[in-house]
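Each of the next two complexes has chain A plus one more chain, namely chain B in the first and chain C in the second.
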Partner chain A sequence: MRDSRNVLYGSLLLLPAAVLLWIFTYQPILTTLYHSFFSTAKGKRAAVFIGVDNYARMIDDPVFWQALSNNVVYALVTIPVSMALALAMALFVNGRMAGQGIVRMAYFTPTVLPMVAVANIWLFFYAPSHGPIDQFLGLFGLGHNNLLGTPNTALWALIVITIWKEAGFFMIFYLAALQQISPTLIEAARLEGATALQVFRRLTVPLIMPTTLFVMVNALIGAFRLVDHVIALTKGGPDNSTTLLLFYLYEVGFQYWDTGYAATLTVFLLVVLAVVALFQFGYLDKKVHYR
Partner chain B sequence: MLFNKRSALRLTAISLSYLALSATTALAETKIDFYYPVQVGGPVTKVIDGYVEKFMAANPDIAVAPIYAGNYNDTTTKALTAAKAGTPPTVAVLLATDVFTLIDEDVIEPVGSFATSAEDKAWIDGFMPAYLKSAQTDGQLWSVPFQRSTAVLYYNKQAFKDAGLDGEKYPTTWEEMVAAGKAVTAKDANGQVTRWGVGIAGNVGSAQWLFGALSAQNSAKLVNDEGTETYLTDLKVVEALQFWVDLSTKDGIHPPGIFEWGTAPADFLAGRVAMIWHTTGNLTNLRKNATFEFGVAPFPGHPTPASVLGGGNLYIFKDASDEQKAAAFKLIKFLTSDEILADWAVQTGYVAPRDDSWKTETLKTYMVEAPQALVALEQIPDSVPEFSTHENARTTKILNDALAAALTGNKTPAEALGDAQAEIDKVLKPYR
Partner chain C sequence: MSNATPANSTVTVTIGAWFLALLWVSPLLYAFWAAFHPSSHGAPFGLFAPLTLDNFREVLAAAPFPRYFLNTFLLVTLILTCQLVVCTMAAYAFVCFPFRGSEVLFMLVLIQLMIMPEILLVENYRTLAALGLRDTILGMGMPYLASAFGIFLFRQTFKSVPKELEEAARLEGANPLQILLRVFVPLAKPTYVAFGLVTVSYHWNNFLWPLVVTNSVETRPVTVGLQVFATVEQGVDWSRVTAATLLSVAPLLIAFIIFQRQFVQSFMRAGIR
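For the complex of A and B:
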């Protein structure tokens, strides 16, 4: 009797969250999956079932492959670099120093700024010949680069912006994690004669592992989820060199109005993210030491 | 009990009277939504609100809700999304090039079908044929020109004079433009270019527009009137792209890579580029901010001078009552009256697409103040509609990618355009 009551209460308490999750997450996922097997309705032509045609088309689509490889490069560079930078900054501002608050704030500022505003500032930074970056390169005789207008450098230009913007955000998590570490542990290690490097490797790193995992999950999702700067800076150009998966998906769905194919791309993106999440929570999670 | 009987009764009474009220207003007024984009600087929303108020004062039985919907892209997205949800705007300003997309989505009604009286037909005939053309397909007039523009050549007269050229003589052919460009291109002691001769924007969204002009100048056509066929492999088209590429690689008078539309005015104003190809919509900005004398010139030719038209038209959406559509048609006629178009041109820099507009006092006074605006008018008969096909967003993107690939040296012009043509053929096949 008592048990069933608890079940009832429990379910009722979970209901609001479950309903919201269903409406805004699972139902759309199932609808997307369903639509990905249909052609796009156009005017009087209704959508018809076409099986896996959309998926075959995706495999044949060179822009899709380019968007995917761009996204992989983008993720593989931005995630480790911004995480390493974040940790370095956190270690730096964690120590005692003058103007600590100001330095912390300075590192965090890029995160607070809206991406579209930031993109416009960077548009100026990257401007050929009169932009500060090109002028700086000019000092070494490497001037006159159109960094955003050249296929070989455009993606890297976006990567730099992302790292600059994300690192400060991740720093906050690392900083919080570092301050959680009990000073007694460090003192004990010091008494045992551990060097600073040993303290960092044997003590700090394992203790902030949960944060690292959390940050990594966030960074990975971000690498596939953030495309504001692509829209503001390059619109995927030149010649698709900065097209990321989500941007391509948006383009197909809301510029070309090819909703059937856009649904297919969405399913692909979902599968990728699901696999990544499973790996992180199923495998990495077990390797992480939680207190 | 939260409510006692009395308050419940009162509540019913209030809601009943509200219902009655809304019923009477519904009888008296036809309500229409009017979506419009803002694409140029200045207090454009206020200007539109002013026009709508004037219209409602003259037509008290119609209530227009003007809805600012972002830029052209956002407005099309919002209008199409609303249409798919069954609640489209009744009337909207959308790109002229969206016509095929809107027809394919089956969401618009041809404006021409409302113009039944002789007076209405005369009103349609009053638009410049070059602008009407972009709205005509399948023997129907689908929209009417409203905020139209064209691309012109802005040139730095001071730079011309400094290079020993005549500041009043602008280039009229490709060869003259290259010669002038070479003369005005300046380098510093290290051999770095400090001023480029000419800049033609090649970023996504601008490239296909200006390339339309380049092709027309070379007597080539990019697309047929039905929007089902493109001619990108035409030798004349390839030649036009080769010319554009050569400006930087061979002649050394054009910044390398992709020249940005957005920063072009700033580059021009700072004297970093002596000639830019840009929209007439930028005239007001340049006039306000230029610290040197500059000229506005029609585009050069090879041999025929030609420019390209751009801008937005007024569309009526299908999914509305007959009264709403009639009201929308009235609003459209009001917005495209000679006086309003003239005022709109002065306030924004758009080109009034009716000849009679240019005969109004408003525009006559403006011509005295800003004689440069006349260049746009004179160039219109030589202008071609912008690139527009079925599945326009997709084909435009393919063309843009091809142009970028050629401009950045990833492909030769012939390769890039050949690949693009093959891809576009695949996209347009179902429409042929």
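For the complex of A and C:
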């Protein structure tokens, strides 16, 4: 009796969410997989089954490999640097000091801005010869750089922007974690003669490990999900030096309208995210010290 | 000696903190500076150049930013309203009406935390075209109307509501809808505020999906409008691009500065699992 009531109410309540999630999350995952085995329909010619041709094309596609390696560099630099800065920021504003609120706001403000706006602010910063950065470099006789227009520096210019925007966001989570560490624990360690560095390494770091995991997974997803700045600043150029995977997918899907190949690239991105998920649930959860 | 050490390090920490803070806001301060000064085809600006609002006037004359703001406002309102209703219903089902397999369904919901709609944009665009909803505000919002994050967050909160309160309400003859609205929702108010702020700032700032779906002034949100404006102006007039940028972030930035504490606390609350 009670069970059937639960089934009735439960499924009615879940219905709207289930329909929406089905249409825009589960069903597209399945159709992406399906379409990745088909050619792109052109004019009157319908899409035909071509087996793994799209995958073979992907493996032979130098731009795909470039996008992947760019994305790996991008993730490997932005994630640790912004996490380290976030922790430093959190430690800075955790204690009492003059102007604490203002400092915290300064760190956090870039986070509430849209990436497109951030990109336009930095575009101005990076402008050759009259942008502030180039003028600063000019003081040392290193001026006249087009930082966003040179293959060697363009990806790094985007990395700096990402770190600037993300660090304050991650700081919030570290701040929350730090505030949950009991002060008596730290006092006890200090009485035992531990130095500030020892307290940090032996106490703080292990206690905030769950937060580190949470932030890391978020940062990993972000590194594959956010390409607004690529679209606003470089369009993947010069010479594909700033093409990230999702940007390439967007380009193939909506600039070249090659939907079959775009589906294949989506499948690859889904596999990457699945690996991140498995990494989170399987491996890292066991390595983290919970209280 | 042991008294002197912490005091010293505090000074160092304070200086370090302030230095980093200054470094962090300097791009924004510079943008403000540029937007309020007459353009001389970009920097360098004289330190005592006269202040002006001309850049903002020109931007408003050149692009329909008020309309873009209206579109963003409609989009965010649509998404927030639907998410609150849909996610509350789903979370209530998971907490109060569990049945065989509902745990599995919850695990399935969590997939959307990893695979957000923007990753699936090619297929979602196809779906939207089939529904005839391209270039509409409803279409732009649709993939986000159910949020796994919201369901997750509300479920956590509802689970912490004492069983006795629910029982008491039932003994007084309240039906399931009344129990939800009079017991669960009021107790979850802080979570609703937190989720609301996070979701509003996310969708106010969202860009890629709206860029793909919209094609006209009547639907374009402010992020896409800014990009369209900046693409035309880039390299021509820095002051106008910066003015447009500041204009487009102003509402959210002002709200953030006023409600700073709530913002920070909401993001913290939403992040703790």
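Operating definition for what follows: the second predicted complex is superposed on the first by the 268 of 291 C-alpha atoms of A that agree within 3 Å, B and C clash if a C-alpha of one lies under 4 Å from a C-alpha of the other, contacts with A are read in each partner's own complex, and residues count from 1 in each chain.
In this text, a residue touches a chain if its C-beta (ideal position, glycine included) is under 8 Å from a C-beta of that chain, and two chains touch if they have at least 3 such contacts.
Remember, it's a predicted structure, so these values are computed and weren't measured experimentally.
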Open item on the list: Contact-wise, after the overlay, does A:92 reach chain B, chain C, both or neither (first, second, both, neither)?
Closed with: second
- [ ] Determine, under the contact definition given at the top, whether A:254 touches first (chain B), second (chain C), both, or neither.
- [x] both
- [ ] May I ask you to decide whether A:149 touches chain B, chain C, both, or neither, giving the answer as first, second, both or neither?
- [x] first
- [ ] May I ask you to decide whether A:164 touches chain B, chain C, both, or neither, giving the answer as first, second, both or neither?
- [x] second
Task: Per-residue touch tally on chain A - higher for chain B or for chain C - done: C
Open item on the list: Under the stated touch criterion, which partner chain does A:181 make contact with: chain B (first), chain C (second), both, or neither?
Closed with: neither
- [ ] Examine A:130 and indicate which partner it touches, taking first as chain B and second as chain C; both and neither are also allowed.
- [x] both
Open item on the list: Between chain B and chain C, whom does A:42 touch in the aligned arrangement: first, second, both, or neither?
Closed with: first
Open item on the list: By the touch definition at the top of the document, which applies to A:240: first (chain B), second (chain C), both, or neither?
Closed with: first
Open item on the list: After the superposition on A, what does A:203 contact: first (chain B), second (chain C), both or neither?
Closed with: neither
TODO: Indicate the residue numbers of chain A shared between its chain B interface and its chain C interface, in ascending order.
DONE: 123, 127, 130, 254
- [ ] Spell out the residues on chain A that touch chain B in their complex, using ranges where they run on.
- [x] 42-44, 123, 127-130, 138, 141, 143-144, 146, 148-151, 234-240, 251, 254-258
Task: Sites on chain B touched by chain A in the complex - done: 73, 77, 80, 101, 103-107, 190, 192-193, 202-205, 255-260, 262-263, 267, 270, 272, 391, 393-394, 397, 400-402, 404-405, 407-408, 410
Task: Of chain A, residues touching chain C in the complex - done: 3, 5-7, 9-11, 13-14, 16-18, 20-21, 23-29, 31-32, 35, 85, 88-89, 91-93, 95, 97-99, 101-110, 112-117, 120-125, 127, 130-132, 135, 164, 168-169, 172-173, 175-176, 196, 214, 221, 224-225, 227-228, 231-232, 246, 249-250, 253-254, 259, 262-263, 266, 269-270, 273-274, 276-277
Task: Footprint of chain A on chain C - complex, ascending - done: 9-10, 13-14, 16-18, 20-22, 24-25, 27-28, 30-31, 34, 42-44, 85-87, 89-90, 92-94, 96-100, 102, 105, 108-109, 111-112, 114-127, 142-143, 145-146, 148, 151, 176, 201, 204-208, 211-212, 223-224, 226-227, 230, 234, 238, 241-242, 244-245, 248-249, 252-253, 256-257, 260, 263-264, 267-268, 271-273
